[in-house]
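Data block below; observations after.
Going in written order, the chains are labelled A, B, C, D, E and F, and every chain counts its residues from 1.
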Amino acid sequence: MDYLIIIISAIFVNNIVLAQFLGICPFIGVSSKVETSAGMAGAVTFVMVIATIVTYLLQKYVLEAFGIAFMQTITFILVIAALVQLVEIILKKVSPTLYQALGIFLPLITTNCAVLGVAILAVQKDYNLMESVVFAVSNAIGFGLALIVFAGLREQMDLVNIPKGMKGVPIAFLVAGLLALAFMGFAGLV
Amino acid sequence: MSTTILFTIISLCAIGSIAAIILYFAAQKFKVFEDPRIDQVEEILPAANCGGCGYPGCRGFADAMVKADDLSPFFCPVGGNETMAQAAEILGKAVEAKDPLVAVIRCSGSPTHRERVNTYDGASSCTITSGLYSGETGCQYGCHGLGDCVDVCDFDAIYMDEETGLPVVIDDKCTACGACVKACPNVIIELRKKNKKDRKIFVSCVNHDKGGVAKKACKVACIGCSKCVKVCPHDAITMDNFLAYIDPNKCKLCRKCVIECPTGAILEINFPPKKVKTETQEIPKVKAPKAETPANPVGEKDSKENDNNKNQEG
Amino acid sequence: MAKRESSFLNMVLTLLMITFIASAALGYLYELTKGPIAASKLAKLNNAITQVVPEFDTIPSSEIYKMGVDGDTLVFYPAMKDSILVGTAVSTFTNKGFSGYINLMVGFLPDGTIHNISVLEHKETPGLGDKMTKKKSDWSVQFNGKNPAEFKIKVTKDRGDVDAITASTISSRAFCDAVDRAYKAYMEGGKK
Amino acid sequence: MSQWKNFSKGFFKENAVFVLFLGLCPTLGVTTSAINGMGMGLATTFVLVMSNLVVSLVKSQIPDKVRIPSFIVIIASFVTMVELLMQAYVPALFEQLGLFIPLIVVNCIVLGRAEAFASKNNVFSSIIDGFGMGLGFAMALTILGGVREILGSGTIFGLNLHLFPLDADGNPTTMIVFVLAPGAFIALGYLIVLINKINKKSAK
Amino acid sequence: MLKTFPQGGVHPEEGKYSANSVIETLPLPKTVSIPISQHIGAPSKAIVAKGDKVKVGDKIAESAGFVSANIHSSVSGTVVKVDKVLDSSGYKQTCVIINVEGDEWNEAIDRSADLKKEISLTDKEIINKINESGIVGLGGATFPSHVKLSVPDGKKIDVLIINGVECEPYLTSDHRLMLEKAEEMLIGIQILMKALSVNSALIGIENNKPDAISHLEGLVKDYPGIEVHALKVQYPQGGEKQLIKALINREVPSGGLPLNVGAVVHNVGTAFAVYEAVQKNKPLFERVVTLTGKSVAKPSNFMVRIGAPVTELIEAAGGLPEDTGKVINGGPMMGKALNSIEVPVVKGTSGILIMPVELSSRKKESDCIRCAKCVSVCAQGLEPYLLNKLAQLERNDKLETEGVMDCIECGSCSYTCPAGLPLLDYMRLGKSRVSQIIRSRKQ
Amino acid sequence: MNKLFISPSPHVYEDTTVKRLMYDVVIALLPALAISIYFFGMGAIIVTLTAVVSCLAFEWLIQKFILKQEPSITDGSAAVTGILLAFNIPTSLPIWIIIVGSLVAIGVAKMSFGGLGNNPFNPALVGRVFMLISFPVQMTSWPVPTGFNNSYTDAVTGATPLGVMKEGIGAGESMSAIMDKIPSHMELFYGHMGGSMGEVAAIALILGLVYMLYKKVIKIHIPASIILTITVFTGILWLINPESNADPLFHLLTGGVMLGAIFMATDYVTSPMSVKGMWVFGIGIGLITVSIRVFGAYPEGISFAILIMNAFVPLINSYIKPKRFGEEVKNG
């Protein structure tokens, strides 16, 4: 049941993008097409899960063990940056097709606060390893859901007559706002 | 030094070194070579991504140029010779200067000259109209006036003149990308040489009908009388199927044909006024000094109308 | 200035240098700020205690005792004046808030009467649930001077005596839940 | 480029939030009030200026391949410093800004400026650039925070403006949406339109 | 329940004013101008020149390829000139202009009125005869009929479908033909069956022509293998894909032809023309044309010589109404608006419809309200609102994947759109762009 | 002779226009309006007038002065939005809040996207949800239906049946005890209950549905799929435990299910284009509505459910297509 709560909370109620404001830059930037959004969502899921596991271990067995929890930010980001590179390299070797699909998004993820944010949140919430993983996966799904729905909406925006001044990013924000408004309905679901 | 500081240093350095080692191997193993000149060339291109060069976007063009041995088939109409020279310099290759071009509209069939015989009531698109029938007038070759060319111009260089119902090119803004030429279903727009003072002489008509038919449909039609061909001292004019064409490469802008044309189908643009046949002119020639392109479109229109003080002797 | 080459040694050395300097600086700064950070945390705690119990002359935060309740711990801070217990501040919690966890400091007089309440931590919605804080509204004042023995710590909808925050029954319920938990623990054995 | 231009571009022409759309998470996340926005903006400015300074100092010593990791470490150090300092001296604000302080590290503006500007320019220009971009960012956040605070709480910098009618309990009936997530997006959307208009006008 | 196609469709006001007017023969015009391109495919080559004398039924232009058709003179007289004249295509096209002198027929033509039932020719000979006689589909597409009958090796046709649907509002030429020339038509169908070597033919007729249905049902008893089917009234049932689906529940694959599902579709008029060509040796030089319209004094059906000017028909039907706003070659759903009434009748002219001014302009256009009415009326299962937008934005790749090439240009979407959008206009634009791309890809 | 008109085919048009469709919706809404006025009196009139007038005014002002288009308020869509907005709010809502809601509905949700036909979210619902979140107190003070009266903001308020149920379940009461406090199903059917002004009378709304179906304004798929899904979902819950879950009929007759399913989910602009898509859309709305009602914080969820599914419409449209003629054969 706890896992269910984590999942529903992360995907719908406290959606990482629409309620927590994490990963907004790619949300706005990489969402003009549904297909690319799906690729981005896949890449984020991948990195987010691995990063959460690694940072969890780092936190428990290095930072807390040595009493240097204040070094969280710097170590986490270093690890994430290295990890993204590593993933890129391994992927290139192991699965060129997957690399083709996710490759272009990987560099973008380093500076995506969603990954760092989820890693830090998992620690803050005192989750155990399994819970952290579930938390990361659900957040990634929440991110993907928001991104793909949003990309769908933006594709439609290309086909309608948006007033000149609103075209592009402003209308994207407006759509995001209304999407967030709709998602408020999930409030209290957990 | 306290243990905290020590631990801090040790752990961070350890993480740092691990990262560095990983990155080093990454750098070693997966080198991807991309010619840095592509970036350099792309940087000097106008980034209009208009496709006027025939390549998908400016980067595609840069890529193709870097790979090519000979730059002569390449030309960026937006950036012009200057850009091409820069690109050549980066690539260490030679380019020939190309004459700058500008789009001209080869139809003067405004409602006063060309009577409307039908009313079109379909989608506002020249291509759609032309698929349907020959147009609202008796001339099946002329401009439909629904502005497909205006829509495709990325540089706002064409607008529709409300009075004549014909498109007008703003020479200063036109980059000769050729988008309008492709868009016009009746091939009315031509890219012609642009000389220093923007002077041009051309037959502003595309009607291939025989003289009588053409003249009946439109007062300023080329009737294929060949007078201009005979009078041209430079052999610049050819006659094809009752339509005269002035070769811009041969034409020396002597203006003899303009006077000769009985219908006024030949336009001379941006010439000082001439005192011939003034009495037959429909529109008095007011030669305004060529205005700088003003920023707002309304202004543009005004200045353009001055630019187009055509010799319309009907 | 020529760039350094990306040779293996250079890369590792550079990163090592940077991480070394960075960590040394940070470690040093941490040592420097450790004191003030702890102090400011303590100040916050003391401030909260002072708000919820009558005047005292001891340092309650140094005489704490704890009690495990409902899977978490309540912390008690007895406040004395002239060696007489004037009140006890209880740090209590609830997970039933609209957005989960809420942390309150409830001050009880020795007879169990609520002296005052302050909100330490909450994530309730601005404009709705956050009216429980004193900064936003006077709602929580209704608890002051009430003894839960006769004043039922439940919202009126649940047949209690507490008027809920308008449109925020959930937050109000949660608030009552936390106060009630503190009261029960205090009466059960928290009184020392 | 004159230093003034270098400084001022961050406010309008290359404003991180309104024009470049960078650093959006803190922009949306912390701007429930003007003061929060300003605090976050200033914290970012500090990191930006310091990292620009350090990066432009050491730029020639860093091999290309480890440029990004090195920059990240430098930036992360300053972020951690801000964290520690704020925790120690402005704990209330620190609590309000919460998660978004460590996230300065991934704020694309900071790394972006280090990459695009400081690693190519001299120390002085880099500092000026950092100040310009940072204060521009702070300005954007303060404006957004201000708008959201006025509409959502009826106050500005905590000052009650008495804009909204009071309800039965004596609290102002404000548009709470604006301090919640949807309001952040919507307010920013319209602000961008406004700034675009102003930028276009001033360009003429 | 009556058969019909399952998806989409509209039911415009029928307006069949001329349904009860017996086919009259139009008096000979003074001159005719016969375009040398009246069919889909390569334009034929004129084989007469100025000054030549021709008789009715003489070949005046020769087929210029397999997909092309011969053109025969519809009158006797002198060729005045071969020149470009405005025709119903809206453009000036090469026409043979003939001054009518008397009415002298080519001797080979059997002008007797008797019904000739037995079919003496073999299948190959029939097809040759049809080719020779310049027969093209009279259902509107004017596709050379012999091409459809020449089934490629490896393909098997098992049913002939005769299109007597006439789902276009106003038009009644097929209806009258089925009433007045039923026997000839049935023999024509037998000829076609023989040419295709099939032993089953289905005639599909919409239920709004009960007289034609009962008339034919009475007659088919004598013609083994031919069946008459009444169909629910639903436009565009006459489209061959829809008709095949309605009658034999086979679905012509996207991009495919009827022969992919073993069927060939011919119009009733074509069947009649085949009868005349094969049994009477009479090439295609006249056809039934409906002249109708709300304000037309005398909505009529005429037997008209190809090349006769439309003005003559209008005169014969009581003159051009005062309030004329639009003159349409064909029906209101698929017909083509004429930019002049001086143009000649051609093989594809099944009717001339005169619309009053108040019915001539389109609805005011506004933004698409996404009501999905266009989607639900599209018999091809397309999404016109989307294709319209994609065509405007020139998103050609997407247009292709969204199936623009499947559009049969029936016009139901434009007809129904409450926002008055010119959906079909853009669909055609999209189709032409995409087909260009497809063609260039093949090269 | 006149100049001949030339246009590509077709040359005849159906006589439905956007205007006609919209006014048909207005007509279909009249029975519900009448019942609201009967139960809520003056308040209903004030609220409806305010909403309609301000929606029309905002649309006109924005088109005239900001977008510089030709105003098109006569097309009736703003009036529909206005009426539906009014139908979704209690009849005691202060005028200024209604005006703010109209501004959000028209200005933010509709005109910012370019007006009729371009908005991805249902304007009236955006307005309503905006108000609900911003002004929860006012938006949840439901006047008691008393028969025609002149009270407006001073109306006596009470809880809606759904509110009573949510409270009751929250307080651990049994369903039968809760049902005693709630009007009978028959009363719910003709609208004798507290709630938003337009949602109370199922019978009037169904009358509107019948009219719109008859006039071919809408198709049955969306309302049917929503109602079916809610029936099945709540039916399952009810069968599992009738003491803590209300029966399906109760769920259908209370709250905005009927209003939402008939008038708001069917908004052309914000609903899918294909029949299959409409089913997916309706089922989604049904599931989310019940989830929010049963598990969420709000007693009623249909507004949110419709808005959430509005967001999915583009995806539905691009992945759930009508069956193309000749398609299977090609693939097979």
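By definition in this document, a residue touches a chain if its C-beta (ideal position, glycine included) is under 8 Å from a C-beta of that chain, and two chains touch if they have at least 3 such contacts.
Predicted model only: the values in this text are computed from it and were never measured.
If you take chain A and chain B together, the chains in touch with both are C, D, E, F. For chain C, the chain with the farthest CA centroid is E. When each chain is reduced to the average of its Cα atoms, B sits farthest from chain F. The highest number of C-beta contact pairs joins the chains E-F.
Computed centre separation for the pair chain C/chain E is 86 angstrom, with centres defined by C-alpha atoms.
One simple way to say how far apart two chains are is to compare their mean CA positions; for chain A and chain E this gives 60 Å. Averaged C-alpha coordinates give centres for chain B and chain E that are 43 Å from one another. A straight line joining the Cα centres of chain C and chain D is 30 Å long. Annotation for chain C: residues 6, 11, 14-15, 18-19, 22-23, 26-27, 30, 98, 128, 166, 170 touch two or more other chains.
Among all residues of chain F, those that touch two or more other chains are 4-8, 108, 114, 117-118, 130, 133, 136-137, 297, 317. In chain A, 68, 70-71, 74, 78, 81-82, 160-161, 166, 171, 174, 178, 181, 184, 187-188 are the positions where the chain touches two or more neighbouring chains simultaneously. Going by the touch rule set out above, the chain pairs that meet are A-B, A-C, A-D, A-E, A-F, B-C, B-D, B-E, B-F, C-D, C-F, D-F, E-F.
Of all residues in chain B, only 117-118, 121-123, 125, 127-128, 131-134, 140, 209 touch chain E in the complex they form. Residues 1-7, 10-11, 14-15, 18-19, 22, 25-26, 29-30, 33, 36-37, 40-41, 44, 125-128, 131, 136-137, 166 of chain C are the ones touching chain D in the complex. By the touch criterion stated above, chain D contacts chain F in their complex at residues 165, 167-168, 173-178, 180, 182, 186.
Residues of chain A touching chain B in their complex: 62-63, 66-68, 71, 74-75, 78-79, 81-82, 85-86, 88-89, 92.
The touching residues of chain D, when paired with chain A in their complex, are 21-25, 27-29, 68-69, 72-73, 76-77, 79-80, 83-84, 99, 102-103, 105-108, 111, 177, 180-186, 188-190, 192-193, 196-197.
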